[in-house]
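What follows is a set of structures to go through.
You will see two complexes here that share chain A, one where it goes with chain B and one where it goes with chain C.
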Partner chain A sequence: MASNAAAPFWRSAGMTYITYSNICANLVRNCLKEPYKTEALTREKVHFSVSKWTEGKPEKPTIRSDTPED
Partner chain B sequence: MAMAALRREGRRLAPLISPQSITAVRSSLISQEQAPLGLRSISTQIVRNRMKSVKNIQKITKAMKMVAASKLRAIQVRAENSRGLWQPFTALLGDTPSVDVKKNVIVTISSDKGLCGGINSTSVKTSKALKKLTAGPDKETKYVVLGEKAKAQLIRDSKKDIELSITELQKNPLNYTQVSVLADDILKNVEYDALRIVFNKFQSVVSFLPTVATVLSPEAVEKEAEFGGKLGELDSYEIEGGETKSEVLQNLGEFQFSCVLFNAVLENACSEQGARMSAMDSSSRNAGDMLDRLTLTYNRTRQASITTELIEIISGASALEG
Partner chain C sequence: MFRQASGLLARSFLSSSRSWVRPFSTDLPAAPTADSSFAEAWKKVVPNIEPPKTPIAFVNPRPPTPSSIPSKLTVNFVLPYASELSTKEVDMVIIPATTGQMGVLPGHVATIAELKPGVLSVHEGNEVTKYFISSGFAFIHANSYADVVAIEAVPIDQIDPSLVQKGLAEFTQKLSSASTDLEKAEAQIGVYVHSALNSALTG
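Entry: the complex of A and B
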């Protein structure tokens, strides 16, 4: 199912559509004026811990987070 | 003073009658009738301690219920608004739970914290049933687990089938960015033909339905389109932007997964708070009942000991006189 048209630049850079739309949304949020801007940016915080499993054993979890660990 | 003496007596006698009666206190709280005759009943101290701890538990569970109710109110609005995200997708691509594909990935959503009733067990049960349904020759099914509670339950018998496990999701308030980063991670790490998301849909404060939402990979959508139905009508839509159909399908598929996952996570969080509310409510009611029973026991013990003391005094006095 190869697409005949050239893939958009972000697809060939390895991003998924989700990453692309998140970056666009971030750009839009940064265009806001001050009080709304900080409110909107708090809606963007990411924190979770994911661990890949192989053969029934979890590997060390990696924490993906915007906030630094204390 | 007499009471203090009686308490000392009670404590001295307690070890003698301990095995039967103290366990009787623990189990039935109506111990007097079961204590051997001729011995003094349990001292009131034990019953008083139990009453104090039960009252504390009642206060704690009542507070937890209030907290869960307030959290529920906040998140319910967001969950209902997020339903509008995936409804257009279902209208366009259809939701085909009966699709027959080779690689199934079951995404089970559960909570990190406990004390929330039975919702996590129902999610896990549904996932396991789904796995059995989609099993077959040449097909494989893997789990992606969100939340501690489902991980603990699935580890027991499906360790080999877990692909990813994700925890600490609710440290910050849930937002779309977080869930979409998560969806991105899942898409990058897991090969799938169909993703089945298992979560508890929030119907009302007392009812949570386990639901399965199906998201197909672009290749699977192409295959299903040949069978007709909703997916077969995709060609009749005009696509703006001049991209090819497979390109659009891929974008749509990823975005659909992200939206459906967002809604699922929100609904599950709602159900978690609702279930916690009702669990804590029944817990405080049970604590109240237990407290009533303990109070009766306490009063009976107290009155019996006073009566015994009076009898002794009076019989002692009458022995002196006569």
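Entry: the complex of A and C
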């Protein structure tokens, strides 16, 4: 096995495989015909909250959500 | 004891489509089911009690390479939200690997291939089913099982050609105006995916 085979262009630009793969999937989803497109866009929705912990206590969480806040 | 039984049942589902990745898997026959070195060491220390089962005893052994090439390839094609094909027996699949379109026939050597955005075609008798895959991996095992995993896979007729052309133009323009490495990479990905979609529609 070649040690460090030539990295793909996205890797050398600092992107991880998951980011690359998700971008590809989003682009494909945006090119679909209706009604498949609306179904597919629901799959893209992400909802999570991240909070860093310092000294045993969580700091203010950052919430990333595509669902509208009611 | 019943907990172990349900564990065994769950594992048999998993292991039929996913086997352990070991080095030189073409050299090894079926994987071992008992941990012999552990059992021997245990018996030296505690000769009166049966050695406990180690995780390897619960894992289904990797199916051995059959001596004669099977006539059909069994394909599992899964997406994160659905299982497109589940242990479907086909004659051949052509996968869009990063190294080019790869045809997989029964008896193919065990391979792991990274997939690029492209067309996956499943050939069964006279019918061919084509899917456009966004990206993913294909695992081909020595016993003529193939697992293809992708994030998005759509039948070609669900792709809208006008949106593809629009996207291609947009990303070609972004590529020329991109400044940072990351923007350039994103624009390149855009151009690449859209041109693959284009050739899938025309090809």
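Keep in mind that, in the parts below, the second predicted complex is superposed on the first by the 60 of 70 C-alpha atoms of A that agree within 3 Å, B and C clash if a C-alpha of one lies under 4 Å from a C-alpha of the other, contacts with A are read in each partner's own complex, and residues count from 1 in each chain.
One rule holds in what follows: contacts are C-beta pairs under 8 Å (C-beta built on N, C-alpha and C of every residue); 3 or more make two chains touch, one makes a residue touch a chain.
Since we're looking at a predicted model, the values are computed, not measured.
S.K.: Check the residue A:Pro58 against both partner chains and state whether it touches chain B (first), chain C (second), both, or neither.
M.R.: first
S.K.: With the two structures laid over each other on chain A, which partner does A:Ala13 touch: chain B (first), chain C (second), both, or neither?
M.R.: second
S.K.: Give one of first, second, both or neither to describe whether A:Lys33 is in contact with chain B, with chain C, with both, or with none.
M.R.: second
S.K.: Figure out whether A:Val46 sits in contact with chain B (first) or chain C (second), or with both, or with neither.
M.R.: first
S.K.: Touch test for A:Ala25: chain B only (first), chain C only (second), both, or neither?
M.R.: both
S.K.: Could you figure out whether chain B or chain C reaches more residues of chain A?
M.R.: Tallying touched residues of chain A, the top partner is B.
S.K.: Do any residues of chain A touch both chain B and chain C, and if so, which are they?
M.R.: 8, 21-22, 25, 43
S.K.: Mind listing the chain B positions that touch chain A in their complex?
M.R.: 159-160, 162-169, 171-172, 175-178, 180-185, 187-189, 218-219, 222, 242-244, 246-247, 250-251, 254-255, 258
S.K.: What does chain A use to touch chain C in their complex?
M.R.: 8-10, 12-15, 20-25, 27-33, 36-37, 40, 43
S.K.: Going by the contact rule at the top, pick out the chain C residues touching chain A in the complex.
M.R.: Of all residues in chain C, those touching chain A are 81, 98, 117, 132, 134-136, 151-152, 154, 158-160, 163-164, 167, 181-182, 184-186, 188-190, 193-194, 197.
S.K.: Quick one: which bits of chain A touch chain B in the complex? Just the residue numbers, please.
M.R.: 1, 3-5, 7-8, 11, 16-19, 21-22, 25, 43-53, 55-58, 61, 63-64, 67
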